[in-house]
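Quick heads-up: structures coming right below.
Consider the two complexes below, in which subunit A is the common component and subunit B and subunit C are the respective partners.
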Partner chain A sequence: MSQAAEGSSGASTVEYIQHHLQNLSVGEGFMTWNLDTIFISIALGTLMVVVGGRVARNATEGVPGGFQNFVESILEFVQTQVKDSFPGHNPLIAPLALTIFVWVWLMNFMDLIPVDLLPLIGTWIGLPYLKVVPTTDLSTPMAMALVVFGLTLFYNIKVKGLGGYLKMFLFHPFGKFAVPANIVMTTIEEIAKPLSLGLRLFGNMFAGELVFLLIALLGGAAALGAGLLIWFPLQVVLDLAWLLFHILVITLQAFIFMVLTIVYLGMAHTTEH
Partner chain B sequence: MNITVTLFAQMIAFGLLIWFVNKVMWGPLSGIMEARQKRIADGLAAAEKGKHEQELAEKRATELLKEAKDQAQEIVVQGQKRASEIVEEAKDTARAEGDRIVAAANAELEREVNQAKEALRTQVAAIAVAGAEKVLKREIDAKAHEDLLNDLATQI
Partner chain C sequence: MSESKKPGLLLIGVGQILTSMIVSGFLLGYLLDLYLGTQPIFILIFGGLGFIGGFLKVYRLLTDPELQ
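== the complex of A and B ==
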């Protein structure tokens, strides 16, 4: 009897977590559209552009007011990062870095909304699954990493020339006497860049979301009863602690993604290799 | 990872977002920030220039003040010199005036003394004539003895 209860409780735990990690998707195989990911990320992007556009439209050259000041300080922060780690001048880099920083931060921020809130609202309007953090769907970080990778390829070839870029594969780490090893090493290096870029963000956010889910399970596992008196306060305290820590994590991950993008593009713009 | 159309959708979304951010937000705002930076730089430069000019003006003012002080000093010295000159002149004038007054007084005195002497002399002559009349018990013809009488008067 008790074993059966335990078993069903374990099963429901797995079910609960799996349910939360399931995308709301349409289509099969390659044609799978993760609607929640796409919708939330585009909504956040739109929010960013609309708010930013309004600030820019009402911006004054004189003394900036409260929100304009805030937006400008973010801009200046990004600009400083670009200036510090990007050699030369490319007008695309700063807006790219700004987009990454703010967009990734906003998408990561969805992680701080209570894990059950939006899926619950989703079930009310008939959505069976809802994964609210777009960056916990590997498609989003990898899409961004691939765009960055594409840009690095483009600028590598543009700055170094196709020949110069290929020469880097031949002679890069060990000089001209170890051409086969060089090809392998440089290829791995180049492919590792977008992979690590995307997977780092995904891994951090996925793990963070998972911890939130596990904390949310604490109170539920005790169900109704005397155990609730212990588990419920513990859940609140743990949730708060992880929330506070996670504010740091989401900002840090957005920052790392931005800085690495700048660095990779900076490397693409140097011709010394 | 399953490569799905979501990945490509997200790539397109990302690309569009970069474009929008650049067009709507980054472009105008960074332009405004640059303009403000320029304005601040201009303001600072103007302040620096003003400060420099003020320094120059202060220096010039000090110079002018010094010059004025020197001039004032000179004027005071000249004035003092002139004052002592005037005093000397006044002294000389006063002395001359005094001398003149004294001389005039002396002359007056002498004149009066002479007058008195003359009067005295005439009276003495008259007294002498009267005395002689008494002595001679007869009238002396003053006219007849005028020369004599005058002679006598001058002798007295």
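== the complex of A and C ==
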């Protein structure tokens, strides 16, 4: 709330929100490096690998303990999804789906940490900006979507052959009498897949973060005058409600990202399109 | 997709398929225009094609249970 406290006009509200949506970055233009995004996503990935490795090393046969049980249930859940919606056999798909699900979920989960907490700690150690949720930075979802797109291209060409893949561009939506339109249309369709995959995750998480910021502003208004503390109970109620609802959103978004990855890669593996 | 048991999962993203096909049509047209220097022509054609294609795709997804 420190940002809202500094001014006493509507401008400080805008400043507060803009401050929270600013990445800690170096470089300019195309070569901008969003350090907070990179650091937090790598840290969460490391956490995932370390915890997963520890569970795997300490795995016991027979009746598993609490945490091992939890991890196994996630594994089983992902495996069922892959089995149900992926035709054929590819050892890469299940680990990929599991990684995407858990990693995206963890990055989304950063949204549930109080919006001012980590940026406040950041200012103590001298960081001017800190955007905590990696998935609210467009770079992260689009990078993941591009990786999936690359894999889709690779398996399309591997399974169908370069000729078979290009043939799909020639005759796909309108038959053989409208080849130029078909080429454009299929190209648009292929580009639309990673675009929608990345933008969906980004849009949902960005909007969720913004709602958290707006709710935080309710209590922040008390800095203008103690009388506005009347809004504080409302903030608590709203924050709790949105928090509970947002747990659903982050899980659903991680799930959708995973499922669509499996489906797109499955489409790449079927010879008849 | 006919071999897949759960083609219905694609339907999760039907709304975004429509919008993102329009967007990618405009994007492709814009890039081509930038490359060829023919400012408004291809962005309009590709945008229109993306619009038609998006509607067609959504229509097919929603009507065809086999999702061809």
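Quick note on the criterion: the second predicted complex is superposed on the first by the 259 of 273 C-alpha atoms of A that agree within 3 Å, B and C clash if a C-alpha of one lies under 4 Å from a C-alpha of the other, contacts with A are read in each partner's own complex, and residues count from 1 in each chain.
To be clear about the criterion, contacts are C-beta pairs under 8 Å (C-beta built on N, C-alpha and C of every residue); 3 or more make two chains touch, one makes a residue touch a chain.
The model shown is predicted, which means the values in this text are computed figures rather than measured ones.
With subunit A as the common reference, subunit B sits beside subunit C without any clash. Legend: residue contacts after superposition of the two complexes on their common chain; A:15 is shown touching neither subunit B nor subunit C.
Once chain A of one complex is fitted onto chain A of the other, the partner contacts of A:195 are limited to subunit C, with no touch recorded for subunit B. Touch criterion met: A:103 reaches subunit B, while subunit C stays clear of it. In the superposed model, A:187 makes contact with subunit C only, not with subunit B. In the superposed model, B is the one of subunit B and subunit C that contacts more residues of subunit A. Applying the stated contact rule after C-alpha superposition, one finds that A:87 touches subunit C and leaves subunit B untouched.
Closest contact between subunit B and subunit C, by C-alpha atoms in the overlaid model: 12 Å. Residues 25, 27, 29-34, 37-38, 41-42, 45, 48-49, 52-53, 55-57, 59-62, 64, 71-72, 75-76, 79, 92, 94-96, 98-99, 102-103, 134, 137-140, 142-144, 146-147 of subunit A touch subunit B in their complex. Within the complex, the subunit C residues that touch subunit A are 1-7, 9-10, 12-13, 16-17, 19-21, 23-25, 27-28, 46, 49-50, 53-54, 56-57, 68.
Those residues of subunit B lying in contact with subunit A across their complex are 1-11, 13-18, 20-22, 24-30, 32-33, 35-36, 39. Residue ranges on subunit A touching subunit C, taken from their complex, read 84-88, 173, 181, 184-185, 187-189, 191-193, 195-197, 199-200, 256, 259-260, 263, 266-267, 270, 272-273.
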